[in-house]
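Each of the next two complexes has chain A plus one other chain: chain B in the first, chain C in the second.
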Partner chain A sequence: MIVDILIDGLIKGSVYALLAIGFSLVLGVARIVNIAHTALYMTSAYLIYVGTKMMGLPTIVSMVAAVFLTILLGLLIYNYFIRPIQEHEAAMLISTIAVAMMLQEVFLMIFGGHYLGVNPLVRGYLTVLGVRVTNQHLLALGLAIIVLISTRFFLMKTRTGLAIRATAQDREVANLMGMNVNGVAMITMAVSVGLASIAGAIVVPLVTVEPTMWMHPLVMMLAIVVLGGLGSLEGSFVGAYILGFSESLVVFMVPMGSFLKDSVALSIMILVLLIRPEGLFGVSFEEER
Partner chain B sequence: MRIVVAYTRRMLKILRSEVLVLPSRVAVLVFVIAILALPLVTQDYYILRIMILTSIFAILAASWDLLSGFTGQMNFGHALFFGVSAYVTALLNLNLGFPPYFSIPLGAMGAVLTGLIVGIPCLRLKGSYLALTTLAFPIILMGIVFAIPGITGGELGLSGLTKLTGSRVNDYYVTSILMLVLGGIMWKITDSNTGIILHAIREDEVAARAAGINTTRYKLLAFCLSGFFAGIAGGLYAHFMRLAGPSTLEIGLSFQVIIWSVFGGMVSIYGPIAGVYILNPFMEVLRVILDNFPSLPEMRMFIFAALVLLTLRFMPEGLIPWLRDKVETECPRCKVRNVAFRRSCRICNAAMT
Partner chain C sequence: MLLDVSNLTVCYDRAMLINDVSLYVEEGEMVSLVGPNGAGKSTLLRAITGLVAWDKMTLKGTAEGDITLKGNIVFDGKDISKTPAHEIVRRGLVHCPERRRPFKEMTVRENLMSGAYLHMKKWDVQQELEKVFKLFPVLGDRLNQVSGTLSGGEQQMLAVGRALMSRPKLLLIDEPSTGLAPLMRKEVFNKILEIKNLGITIMLVEQEVASVFSMASRSYVLSSGKIIAQGKCSELLEDEMIRRTYLGL
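Presenting the complex of A and B:
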């Protein structure tokens, strides 16, 4: 039981961390509340399904292809539908919702509402403290942590990462310092969608693929980002593990837990906000100029 | 008799000099008359059902605009008010046998109370934080609804409420006239001093506070007012559908409300109402059209989303403000609106450029 909760919580937390970091990057740099973020995660899952089950490609190849195609799709959407209406916050928000709905409907049209699955990359299981843990779970965990570490490295050590952080901190001053703010926003979008699609690729062997699979991660991701503090990467990271563990605790321990998992996670978020309105790690945002 | 003649003459004068001079006012007049006259044209069961639901959702969308558009308190979880009121109404009606005209206002009071409960933690939050936090409340409530099926009926919801009125046409008149009246009240609120203060809070809360306005009180007021109107919509929905289920709390409904309002044009009560009256019947027409092509997959929602996306791509302010700017211009001197083709202002005679 404890090992189950631990593994499950770690995987959920890592996946949520990938999603939440991508989301808060875009929120910080381009000021977009990107509701379609988890819809792109779903897109990558479906593309992997198409690659492995319909075209018979090896899983690794279809995963890489899916990640690149999803990034391309995300950039196209950003360039043609989001960026032209950047000044109108509400319209931008609705556009991302509409994109998410369109993706959902497209998959519903093509695949129907069936529950689909993808074969795991590796088979077999290990026995940890008397509990069977499939190798796929361990692989997912390892991959998620590797991606998280490399994202951190990218953001903290490279010049592009510095540019992204600077733009997130103050868009105008970054512009004045001669940075190409729009270019940075484009790169950020690519990184963010990339993280979402990698998250999709990591979890796709563990979950069922269906057209509404983006809803639950969306809610959790939004809760995590608010809990950790908007635009704070450490906050997203810590918040993701807090909510990931709380979710698996509730599912395993509480009767009727799978109905209450969202409620508990969101109640934690609201409790934290009551004590710290700017989230765990948030610095209160300067008013936009 | 003379009084009647005098009043009629005055009405006609107002009609000629104030209403007929502006296309937008004519449009509102035509809309009101069309709503009231619809049952004279058709009494089709299905059409009336669609129009009843449309008018209920119009109240909901307008109440969202009052809170999120005017006061700037972005609410992502507007379904909360709708759902709470639907459930309260249903519980009162089923357990205590309250008739609709009693249970709907009480349900709305329940929604006001929810507005207070939700509003107090939300007062400290701003912008995106607020939006994402409000998203959480209906989901939390939905979890509770599923967890105690004994009281709330779980996934199936509570069914078997008393009918709103006896007949379909009466239902139509009740909901439509309520929509017109409540829309008018909301529009009046936004036009009053309170409305101006709400406007000021959205534009610059610090400045409003510096001007001696208790912004906390006004924000709570906005939450309660919005909750009240949304609650009436929820109660009407519960009694009309004779069902209060978890679908009244879904994220989908919250998003739908935002889509209707932003599509029609935020920060104008008429925008969201128009948005609902355009999009909701359009969806039904689309259903009828698509039923003729059974070979096509279910693509109604796809067309809906694509339509919204394209509309906002080219008219980010929303449909109605865009149209209004096409047919009307503002006088540069006295800021009164005029028909676009006038050369001089109808009030101050300044040249329109």
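Presenting the complex of A and C:
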């Protein structure tokens, strides 16, 4: 049981970290609250289903294609549904909710409400401390961690990463450094959607694919981002593992308790916010102009 | 003429912040721009380096989006009034903004690197860093410190150092001495003189009129968005009315 919880918590935490970090990135750089973020994660999962089950492509090929197509879709959405109203916060929020609902309805229309599945990339299992862990779970965990590390490297060590962080901290001064802030926002959006679609690709063999599969991750992701402190990437990372583990604990320890997982996540979030309103790693934002 | 601004007007939502301003800067000189709080000094710099145009573009259609920007700005022989802010830097017109504004969560090194953002591929950035450290040894000592934890004076050095990393031909510095203790102010002014002696043209916005006038060759006095006096600093100091009303001397 402990090993189960550990593995499951690590996978959930890593996937939530991928989602939350991508979400925080666009929030920080372009002030976009992208509610459609997890709907794009779902899109990637559906595209992989289409690739493997309907077109008979190899899983790896479907995954790579799905990630690229999802990024493309994300950029189109950014360009047509978000950018024109970027400075109107409420309108932008509503617009991204609308996009998420639209994607849900499109998938419902095409595929019906069926629970679909994708074959695992690898078969077999390992025995860890007497517990069977499928190779697919280990692969998912490994991939997620590799992507997380690469993302950190990209942000901390590359020129584009520097521009992304600078823009997130002070858009105007980033401009004065010669950074094309609109271009940086576009790249950030691509990275963000890329992370969401990779998260989708990583979990797709482990979950059922259905038109509302974006909702639970959305609730978790928002809780994580608030818990970690809005705009803080470290906060998103740590928050993701806290809520990932607490979700596994609830699922494994409370019999028939998996319906509680959202409420437990949200309770933890509220508890932390009562003690520390700015979140775990939050800085109280200074108004800059 | 390195910079030639003519008939510049800026309105934010019908409030005319800059009213038909013309000014110029010759290569190699240090010009100062003084005036009371709210005169529009920072707005003038923001208009020159493209930030007002950027506001106008990004805020279009919002409540604060009613911005008018008129006039001609020629820098180094080319019209830059339609050039976006991030391209203006590339030409060598660099703006060190009011209140220093370092990237607070980044280290000193990362701040300096962002100054060199445009040039990272072309130049040996390390060499540029060495130049900045020679001018501001304290930055070299604190390379890996997060800049939000620097003192006010150190943050100002960082802001100027970061601007130098962009390799300015003309450096616009907005109120570098504000909020610093007298000794630190003097040090900052000395550094600015050193930068001028490196051959970089400077336009300096300051409240500290006495110190600035002893360094600059010419000055503009701005009040309520209009240039109400200009000329050699020594001559401005002789005008009793200007002395008392605008310079507070």
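Just so it is clear, the second predicted complex is superposed on the first by the 285 of 289 C-alpha atoms of A that agree within 3 Å, B and C clash if a C-alpha of one lies under 4 Å from a C-alpha of the other, contacts with A are read in each partner's own complex, and residues count from 1 in each chain.
Rule of thumb we're sticking to: contacts are C-beta pairs under 8 Å (C-beta built on N, C-alpha and C of every residue); 3 or more make two chains touch, one makes a residue touch a chain.
The model shown is predicted, which means the values in this text are computed figures rather than measured ones.
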| item | value |
| --- | --- |
| First, second, both or neither for A:M253, with chain B first and chain C second | neither |
| Partner chain in contact with A:R159 - chain B first, chain C second, else both or neither | second |
| Broader residue contact with chain A after superposition on the shared chain, chain B or chain C | B |
| Chain B versus chain C as contact partner of A:V173, first or second or both or neither | second |
| Touching partner for A:L273 - first (chain B), second (chain C), both, neither | first |
| Chain B versus chain C as contact partner of A:M102, first or second or both or neither | first |
| First, second, both or neither for A:F81, with chain B first and chain C second | first |
| Contacts of A:V219 with chain B and chain C, given as first, second, both or neither | first |
| Residues on chain A lying within both footprints (that of chain B and that of chain C) | 87-88 |
| Touch list for chain A against partner chain B, complex | 27, 33, 35, 80-81, 84-85, 87-88, 90-95, 97-99, 101-102, 104-106, 108-110, 215, 219, 222-223, 225-226, 230, 256, 259-264, 266-267, 269-270, 273-274, 277-279, 285 |
| Residue ranges of chain B in contact with chain A within the complex | 121, 124-129, 131-133, 135-137, 139-144, 146-147, 251, 255, 258-259, 262-263, 266, 297-299, 301-302, 304-306, 308-309, 312-313, 316-318 |
| Chain A to chain C touching residues, read off their complex | 86-88, 159, 162-163, 165-166, 169-170, 172-181, 283, 288 |
| Residues of chain C defined as touching chain A within the complex | 49-51, 54, 58-62, 65, 84-87, 89-90, 94-95, 97, 101, 103-106, 110, 113-115, 117-118, 120-121, 162, 166 |
